[in-house]
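Note that chain A is present in both complexes that follow, paired respectively with chain B and with chain C.
This part shows the complex of A and B:
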């Protein structure tokens, strides 16, 4: 069988999703054997930037004309395109202040040079292109990336959990940070798959995997307000990875 | 006749960048290094966020260095709010920092740098050409990652590290697992040193570098208040704004950090030149190969990282022993009362000196944030060296020029996401994409 040709690239991001692949130390040699890397600037030199690609796996939010151009180019060259990580799927960290004018943010940082900077509100892929599959997480879980790669070899995509982090957390019998410790834990609203990584070590879920389908935002907000958190605090935390909670995922 | 040679994008480095060599009749006129990472605006994103949120957000500046950003940020926050942490927390923090050094150095040495010496394009190629070496590198890297995963609760963007303390500390069994893993890779670290000792060193010499590192008289050695340079300058981290000035260089809209007007070099090579403390086996390796390091140019950086790998593994083992012999206690992080204040912290990140500085208002909300990264500090020296090396390579042909200059950039082990994060210092202009 011909090896699937893949591209791995990043837009506005911390490279954490791409690094997640390089962090699969045990599996990396086999991944290198099973796939052909047509384009992966972070990991390899050379490559062909106009060959046809079977699957493009792309991280980051779209926040500049260059980002958009790269994304469109990858989309048009690829049979399948995977939004890799929370930035690509929801906008992520870069988008947390999308409710404030972008120019004000740029000016706060670049001063009078801000006029030269071409940037717009960081946005997830689905606002521009058709996305075939998404791997959530900031950063994504290794096992979800590897499952995706393994499924691709079989010509399909895996099915990821469609329930909240809370479910995993309860299964692990962690102490509930929200109910018992009155912490601002976002577990009830967030898509599972991390095996409640943070609550398992006593840290509230910050929501890095983005909204679960049918997240009951109203109920959680009300609970947190009753516990004495301000609306400002709640919104600040909820916006950290996903600026628009009313939008449901294009993929769910 | 003028022409240009472009290396775009720079590969096997973190982030997006390019190098352009401007030639006139075959003579190198100038070389520009552009970091065209998208603007990240982190300092603007942090303004208005509570001190609890700041470390959680800022570690997303960069995945390769998320641990050290998190710790540096915590320390600056704690300084601003006047919080002391327990000895146990300090030990865990130092341990996870070394985990970061191990993973970052191993990644750079094996996945990014080594392919250059073996005529390979990257790790996939290396898997075919030097499978044993690659596997060795990945074993070491995995050990560093395991430290970060276990101590931090996650290896990229660690979660347990919070202001004033930490979540559930790694238990005895977890520490024993780390100990076993680290003991197993110690020989690999030594072999890495051997491997990198045999690689050919570069022929032409580059301008003498001026090195800088965070110096500390007591453990933890990576963390300190005092910055020192190889030509005898010393200043407190808090004074960085007066000392590390930023300048616009002609023909490039990037801003670069200069120390008292001159480029400085930070990172593994700088640390070894500054004489930072090394564990036993690492200092032996250092003594064996001192002449390749003292006063050397940046191309000895990878080799220096190999020595530091040994140190990081040994030091991690010592830290684990200290934690084990003290016994792990479940400590509840203190309740923190917000207050108005400002705090600056500096740490030796894998790539060199990192500074975080924040101000908070009476409600504990961030009013100003500033981050100086190793890559931003190194950028001026990188440009100087690129120009020098490009001139030395005149007439060697485009292919060789491209290859060699890219190798030079790679030797600095730049982290472009980090560098193009930018700050809000008053009206200063910053690096632009």
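This part shows the complex of A and C:
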């Protein structure tokens, strides 16, 4: 069997998603054996031969002209492209201030040098290119990455369940932070797969995996308003990882 | 005259001796204060005065997620090897006993599910009488009398009265007979029923679907599809089946996992068609399955009145409102 040729790359992001792969220490030898890495600047030395790629797995938001160029180049030479992590899928942390003027934000960080900074509002891939599959998470879960890689060996993508964090949280019999502690927990709106990692240790769901299919934003907002949170608090909490709640999921 | 009366002070001895018959499980508190069924090492961990657990005992028979088949090129699809331990589940309220009796019917009546049957065989049920809380309504759905237990424990003023319901239960009682004394049996209490009992029974009999009820839209608008209502339901058994390959490119595992009829994917089939596109349709489906029954269970209400779904719903959806609205509508 011919080994799938893959590229793993990052745009504007913290590289935490790519690190998720490198953290799969037990599985790395098998991954290295099953796949041919055409380009993985964070993990391998050696240049890019610019040849055709079977799968590009790309993290980060698109926020500079260079990002966009890299993304378009990877798209045009890959059979499949995977949005790797919440930034790539939804915009992520970098996009949380997208509702504020870009110039004010760059000036706040770079002062008078801001005029030289060529950036635009960080945006997810689907605004520019066709995305074939997404692995959500900030960072993504190892098991979802490995399951995706395993499916790619057979030329396909896995089916991940489309239910919210609450489902996994209830299955673990955690204390409900939303109902019992009246916390601003986003569990009902957020795509599961993390096995309720945070609520299991008493931390409310911050929403790092982005919206679940058919997230009922209106009902959750109504519920949180009744619990005494302000609309500003709720919106700011929801925008932390995904600026576009009114859009339905582009992939599902 | 009841022969098997256990005095309060002998309860610890009874509980600790149960370990001789299997691994003891019962109601207990987790570190963050949730009441769950779980492994109990000493009687001190048990909370026999508990109200309700978060997940019902179905998790012992149909775990939230399990591997049903493992594939390898050499041996094809294989069922996982039997590793079931004998489990004594102590303190199961009548509603949860009724829930297990219903699941037994679904998974073992016709074409038995091997994994379920294996676990069921290894499970000993010790029921326990209870006090009603703000959410439960077992009397309204005829689930207040204990069924399908190996032993049933009825709380009395200064002890417990034990009944046996199976050979397995009788053997345990015989083994621990030194702990029991003879005592008059306390009268068993029927639950007080609410006015909706008749409405429920009538609806089931006439297969009432509440077509024109304004509540469907209301439920659909509020529902977060969080899944809690079915995960916490003693009789919801819908599951999803998926298969995942391994990194060796050769072996794979097939899993089954609890599903919920309010999830979008529940009615979705290959090619993307969905039999129940809207939440409203999904609620009608949920009601019909839960209260009216499908196929071989038609006319059989699977709701056992434990009240968990009303308690765990973040937006307070309560399907009993369908009946209540009808009763109030008639009265007014």
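Note that the second predicted complex is superposed on the first by the 250 of 252 C-alpha atoms of A that agree within 3 Å, B and C clash if a C-alpha of one lies under 4 Å from a C-alpha of the other, contacts with A are read in each partner's own complex, and residues count from 1 in each chain.
Everything that follows uses one rule, which is that a contact is a pair of C-beta atoms (placed from the backbone, for glycine too) under 8 Å apart; a residue touches a chain by one contact, two chains touch by 3 or more.
Computed from a prediction, not measured in an experiment: that's the story for all the values here.
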{"item": "Touched partner set for A:80, first chain B, second chain C, both or neither", "value": "neither"}
{"item": "Contacts of A:153 with chain B and chain C, given as first, second, both or neither", "value": "second"}
{"item": "First (chain B), second (chain C), both or neither touched by A:196", "value": "neither"}
{"item": "First, second, both or neither for A:139, with chain B first and chain C second", "value": "first"}
{"item": "Partner with the higher number of touched chain A residues, chain C or chain B", "value": "B"}
{"item": "First, second, both or neither for A:163, with chain B first and chain C second", "value": "second"}
{"item": "Touching partner for A:94 - first (chain B), second (chain C), both, neither", "value": "first"}
{"item": "First (chain B), second (chain C), both or neither touched by A:171", "value": "second"}
{"item": "Contacts of A:53 with chain B and chain C, given as first, second, both or neither", "value": "neither"}
{"item": "Touched partner set for A:237, first chain B, second chain C, both or neither", "value": "first"}
{"item": "Footprint overlap on chain A, where chain B in one structure and chain C in the other make contact", "value": "202"}
{"item": "Touching residues on chain C, where the partner in the complex is chain A", "value": "30, 32-34, 36, 54-55, 64-65, 221-228, 231-232, 240, 242, 244-249, 257-258, 260, 263-265, 279, 312, 314-315"}
{"item": "Chain A residues touching chain B - in the complex, by the definition given at the top", "value": "10-20, 22-23, 25-26, 28-29, 32-33, 37, 40-47, 60, 63-64, 66-67, 92-94, 96-97, 104-106, 108-113, 116-117, 119, 138-139, 197-198, 200-203, 206, 208, 233, 236-237, 240"}
{"item": "Residue ranges of chain A touching chain C (in the complex, touch as defined)", "value": "1, 27, 30-31, 34, 146-147, 149-151, 153-154, 158-159, 161-164, 166-167, 170-171, 173-176, 178-179, 187-189, 202, 212-214, 216, 218-220, 222-223"}
{"item": "Sites on chain B touched by chain A in the complex", "value": "9-16, 36-41, 43-45, 47-50, 53, 56-57, 60-64, 66, 103, 107, 111, 115, 121-125, 127-128, 131, 134-135, 138-139, 141-142, 145, 153-157, 159-160, 162, 167-168, 253, 406, 417, 422-424, 427-430, 432-433"}
